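Once you scroll down, you'll see the structures, which are given as structure tokens.
One chain, chain A, appears in both complexes that follow, with chain B as partner in the first and chain C in the second.
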Partner chain A sequence: MTATAHPHTPPAERTSGRGRAPGGRPRVVQRIRRVGLPYLLLLPALIFELLVHLIPMLVGIVISLKQLTQFYIRDWQQAPWAGFGNYRVAVNFNAAIGAALLHSFLITCAFAAAAVGLSWLLGTAAAILAQDRFRGRGLLRAVFLTPYALPVYASVITWAFMFQYDNGLVNHVLHNQLGITSRPTFWLLGNNSFIALVIVSVWRNWPFAFLIVMAGLQMIPRELYEASAIDGAGIWQQIRLITMPSLRAINQVLALVLFLWTFNDFTTPYVLFGNVAPQAADVISIHIYQASFLTWNFGEGSAMSVLLLAFLLLVTAAYLLVTSRRRSYA
Partner chain B sequence: MPRSRRPPMAPPPSFVWTRRIVLSLLTLFAVLPVYVMISSSVKPLQDVSGTFHWIPARLSVRPYVDIWRTVPLARYFLNSVIVCGSAAGLSVTVAIFAAYAVSRYRFRGKRVFTVAVLSTQMFPGILFLLPLFLIFVSIGNATGIALYGSRGGLILTYLTFSLPFSIWMLAGYFDSIPRGLDEAALVDGCGPLRALFRVVVPASFPGIVAVAIYAFMTAWSEVLFASVMTNATTRTLAVGLRDYSTQNDVFWNQIMAASLVVSVPVVAGFLLLQRFLVTGLTAGAVK
Partner chain C sequence: MVRLTRTPIAAGIAAALLAALTACGGGTSTSSGGSSHAKTLTYWASNQGSSIQDDYHKLGPQLQKFQQQTGIKVKLEVVGWPDLLNRILAATTSGRGPDLVNIGNTWSASLQSTGAFVPFTATTFNRIGGENRFLRSAIGSTGAAGKPPTAVPLYSLAYGLYYNKKLFAKAGIAGPPTTWAELIADGKKLTHGGKYGLAIEGASIPENVHHAFVFAKQHGADFFDASGNPTFTTPGAVQGVTQFVNLMATDKIVAPADAEYDQNQSVSDFATGKAAMLMWQAAGSTLKAHGMTPSQYGVAPVPVQSGTPGPGDIDSMVAGINIAIFKNTGNLSGALKFVKFMTSDAEQKTLNGEYGGIPPVKSALSDPAFSTPELTVLRSVLANSAAALPQVPKESQFEQLVGTAMKNLFADAAAGRPVTAQTVKQQLASAQQQMG
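Up next, the complex of A and B:
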């Protein structure tokens, strides 16, 4: 316990009690300060996280057990308890509310699967194809990151314009220019809204996959490729036998992050469709938002949010368990 | 026994052609909305209301003049700048302290702290929204501090959104600064806080700027909380842009012009950030 090994002595201590350090008290104070300092540094961050994330989460669980409707918004503590009533309504799939929630949940699963799969595919393909040096590679990289650089609402509103029935680009190209469809298509209404949502989501997210896979590719040692080239492996074989297996660890995290983002995505459907999403694209975040703020039934909305969180935690835990076990076998 | 005479750096034509085709298609996909945004923002209203045309027949700067009058865009812009600027500044300040603790000290609960803070990123925003809304309303009723509908409430919310990633990135950056530097300052009689602000912070200035830009961009793009927590006077751009379509007409040319204008600060920030993001992510991945 010399001064050089633990130099974090507060200045106040030094002026007051340098001479009598071996006598009990100042040393205790010194020790408390030293042990306490990292916690003190973390305190502001902790307070803010508690205030905006942890406490609201706990309050949310409490609210989900209450009958909190518009009459109690100003004074939510006064709302009567509902027990698990809100949960029972949410998972009663024979009644209207439960059936709508189940429908929304399944839509969200399909949406997340499609959007994550395609984003991953495009991002990985782009990163692997742009791995070696060629002319214009730097420029291409910058261009690929444009969707990621624009504010979401600005780019999604542009997509909404492109998907318009009368004056949109998509119908103009498909119907007027290529003649693929016999009449213009409604993209933001009916069943096609699902396709529109997937396209916009993929457009937004594939650059992130590209960025992460690109970072992963830089970690693969060059010697691996050089050695396999001497052994006569072609580039396609190299991609299949060296690149893809080396990316496994990064893909594990990437897929999870993309899944959670897509599953929770609110901005894309909200800006694309407005307050009320069409049935075919009624994803869970929009569904809960509507259930809460259009009917002001906060108890029901909170119960749905808690169920959503429970599902996401379960999926994440199962995913990490399965993928890490498979990795340790390999 | 070398079977292939081909030097390892020259890929076969099949690969080169796949590369050309796939990368061209992806480029088209990536920039298509940007082209639509730019070209439609200089068309007169008639031309964006009828059939779409790739090349604008007539050019007009009117949309760029009108956007400020149709909707109080300047006020929304100012709100966004105030809210996002304050949130970014506060977030970075808080993150500097926390990152210093994570990077330089060993303490009980360090792993729990980092994992817990990062895991808040995965929770659905809607889960916090309803209770936070009620908490803000209750605080307003009890103390008279108006958090709901005010810029303060939004700043408070946004600063925590970027906080986890900011702490993580900054701790990584601080790790790359030799410990000897601040230890020397401590031996010379600086307190730990003085060492942090005199030595570590100046040495990691580029990282701090990058984190600030990231925090600013995160706040600039947020829609969910902005749609609930603001009112007519505190509305930010994220919600304000929708006002162009709730009028009798949908002014698509003005929407496109406004989208372009609100993108400028973020795109500028991203261009500054891009270099750092790529290297920073790689460094994080190696650990």
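Up next, the complex of A and C:
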């Protein structure tokens, strides 16, 4: 956080010149001229931010207040207002739609927790192990990054093939060759689909954790390790007392970014399961997609999306608040 | 210092963004968007052949012919089934779609309710040769009753039971089963050594729904009442769905792996002898593509409860493809000319011949090409013992929700969890509640 805080000039100006500036022109005009250019240059970015992010979000919020079903999609402005009706349906956990949304939300939380945790664990472990110099380290690091570099669709569809019941590689190895399972397992149906989803997600995301932690490790002075080694610290103590505290700031950002990515991930489950995910892996992005596109109720889908947005905003804000406060005490 | 280096970068970015902006504003999508001049049409065809590429090969020469006759160039895009409905919805919402589109005939009433298509009133119909050219049963799947049809029938299809003659002979079975009890008994004889009696498409939403509809009908149930409200949990509907899923769950004549199928794997399983029976719509041309010749399989009506299919004990839905015109078209007369061309006797014979469908146009039906053993059976099914899926606005939601419920039930069956009337009812009740 400290790195982003640039020294601001305006406070200094405020104290220096009162009334008219030396040029004789009103102070305000000159100030605008002086301060205006950066803002002018920011203007295109601002317009695009509005165009690409904010306006669609606002339109989404408006749609969520409408009864936008198949009868009105041709001219959605004609759709009658629904007030908070769509929201009421979405959060009525006693009825089918609300109950399914809650189920999907909980599944997504479990999925995000498992995927982020495992990605972080794998990434950190690999980064620490690859920290010391050894022959082939560069190659190994490059190989570790491959999943991250592959196009999502290509890699996930490959996983989908591997997870197939009949001809999939996973069942072939586990069942036919190693004989670990007594009969082939369904990976893309039923409860195992959750495991399959976590595996693919971790496989895709852990290289990112690896990359970030690896960068973080470069910043820890080697003297710390040398000094602690002289004092008799073992490898675990070094990790616990030197590496982890030094990585704290990086880990906080890493965990947040990974969480947001996995929570919102649409491509991985969509490619893995198709339009309709099995109940055990019915993550929220797919669920909302089905609620709006497949049942043609875009108002309902938008309401769910807005709820998701509110939840993620809340989590992010709380997380940043808690972590930054803890840091300022430290 | 910092400012000096930043300014050019920001200016560069601003320039790039402006360039992008003007590019967005100036360009128009060329692939979609109804044609506004009289010499072109955009047509989204559904995937009818063994692959999308195959469709381009089959339709291409016909579109050439149309261009020679009328001077109108047709830009063809073949859209796969999993994407078609979404693409149509997107085109409806944005108002920028093709001029013409193929739709599954079961979606007619749902799409009709969006008001995105040109209704075929009597006058419009007369411009393409009149409503009387078409079979009554096919016209029954073109929109809600009492409203002008939203689309025109292009290909008609029906379900038949395809059976592998060699495997039947080997198992000592004389002929195709006519009741479900017989089918299960035969299926058990045919299920051994990694081969199964019957192949089904357990994860396919449309296939599941078509079977659910027929099985429920056989138990005297409908998924909608007369006023178009969902009635998914009637005893008949539950019994029907349970009976169908139990072909895998308790009768065990369907491979558990079929619960994962949604890309026509069941057809290839049948063609390669991994399964001895298949319930499919006009599978002939696809089986040929998989290397199975018509002499290797027989076609019979799908079994019913009583043994004799008829209007009271149906064995198929009225399946088919309709062609519709988007209201946004800038070339309505050209689009109507194209519909007239596609429903002309000559084109009906050619296209239905290529795709193994049955012409919904009476005058084309008499052609001997449609009297093969396979098509004779399917024609008689269509004429005597097929019913149209409910033509109500919420039909497409019904397909999605009930199809999904059945996919879940098949997943349970495949994993060895029990599928009972109670679990079926639970799934159907949840689907019904989500209809909203």
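Just so we're on the same page, the second predicted complex is superposed on the first by the 292 of 330 C-alpha atoms of A that agree within 3 Å, B and C clash if a C-alpha of one lies under 4 Å from a C-alpha of the other, contacts with A are read in each partner's own complex, and residues count from 1 in each chain.
Please note the rule applied: a residue touches a chain if its C-beta (ideal position, glycine included) is under 8 Å from a C-beta of that chain, and two chains touch if they have at least 3 such contacts.
The structure presented is a predicted model; accordingly, all values stated were derived computationally and were not measured.
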Touched partner set for A:Val306, first chain B, second chain C, both or neither:
first
Touched partner set for A:Trp81, first chain B, second chain C, both or neither
neither
A:Leu294 contacts which: chain B (first), chain C (second), both, neither?
second
Determine, under the contact definition given at the top, whether A:Ser285 touches first (chain B), second (chain C), both, or neither.
first
Partner, of chain C and chain B, that touches more residues belonging to chain A
B
Return first, second, both or neither, reflecting whether A:Val59 touches chain B, chain C, both chains, or no partner chain.
first
First (chain B), second (chain C), both or neither: which does A:Gly190 touch?
second
One more residue to check, A:Phe93. First (chain B), second (chain C), both or neither?
neither
Tell me which partner A:Pro44 touches in the superposition: chain B (first), chain C (second), both or neither.
both
Find the residues of chain A that appear in the contact set with chain B and again in the contact set with chain C.
37-38, 41-42, 44-45, 48, 73-74, 76, 164, 166, 274, 293
Chain A - residues contacting chain B, complex:
4, 7-11, 14, 35, 37-39, 41-42, 44-46, 48-49, 51-53, 55-57, 59-60, 63, 73-77, 122, 125-126, 129-130, 132, 134, 140, 142-155, 157-159, 161-162, 164, 166-169, 171-172, 176, 203, 206-207, 211-212, 214-216, 218-219, 225-226, 229-230, 232, 234-236, 250, 260, 263-264, 266-267, 270-271, 274, 285, 288-289, 292-293, 298, 301-302, 305-306, 308-309, 312, 316
Where on chain B does chain A make contact in their complex?
2-4, 8-9, 11-12, 14-15, 18-19, 22-23, 26-27, 29-34, 36-37, 40, 48-53, 94-95, 97-98, 100-102, 105, 107, 110, 113, 117, 120, 122-132, 134-135, 137-138, 141, 156-157, 159-160, 163-164, 167, 183, 186-187, 189-192, 194, 217, 220-224, 227-228, 237-238, 241-242, 252, 255-256, 259-260, 262-263, 266-267, 270-271, 274, 277-278, 281-282, 285-286
Which residues of chain C touch chain A in their complex?
7, 10-11, 13-14, 17-18, 21, 82, 86, 89, 92-93, 95, 110, 113-116, 203, 205, 256-257, 259-260, 262, 393, 396-397, 400-401, 403-404, 407-408, 410-412, 414-415, 417, 429-430, 432-436
Considering only the defined contacts, which chain A positions touch chain C in the complex?
37-38, 41-45, 48, 70-71, 73-74, 76, 89, 95-97, 100, 164-166, 186, 188-191, 274-276, 278-279, 290, 293-297, 300
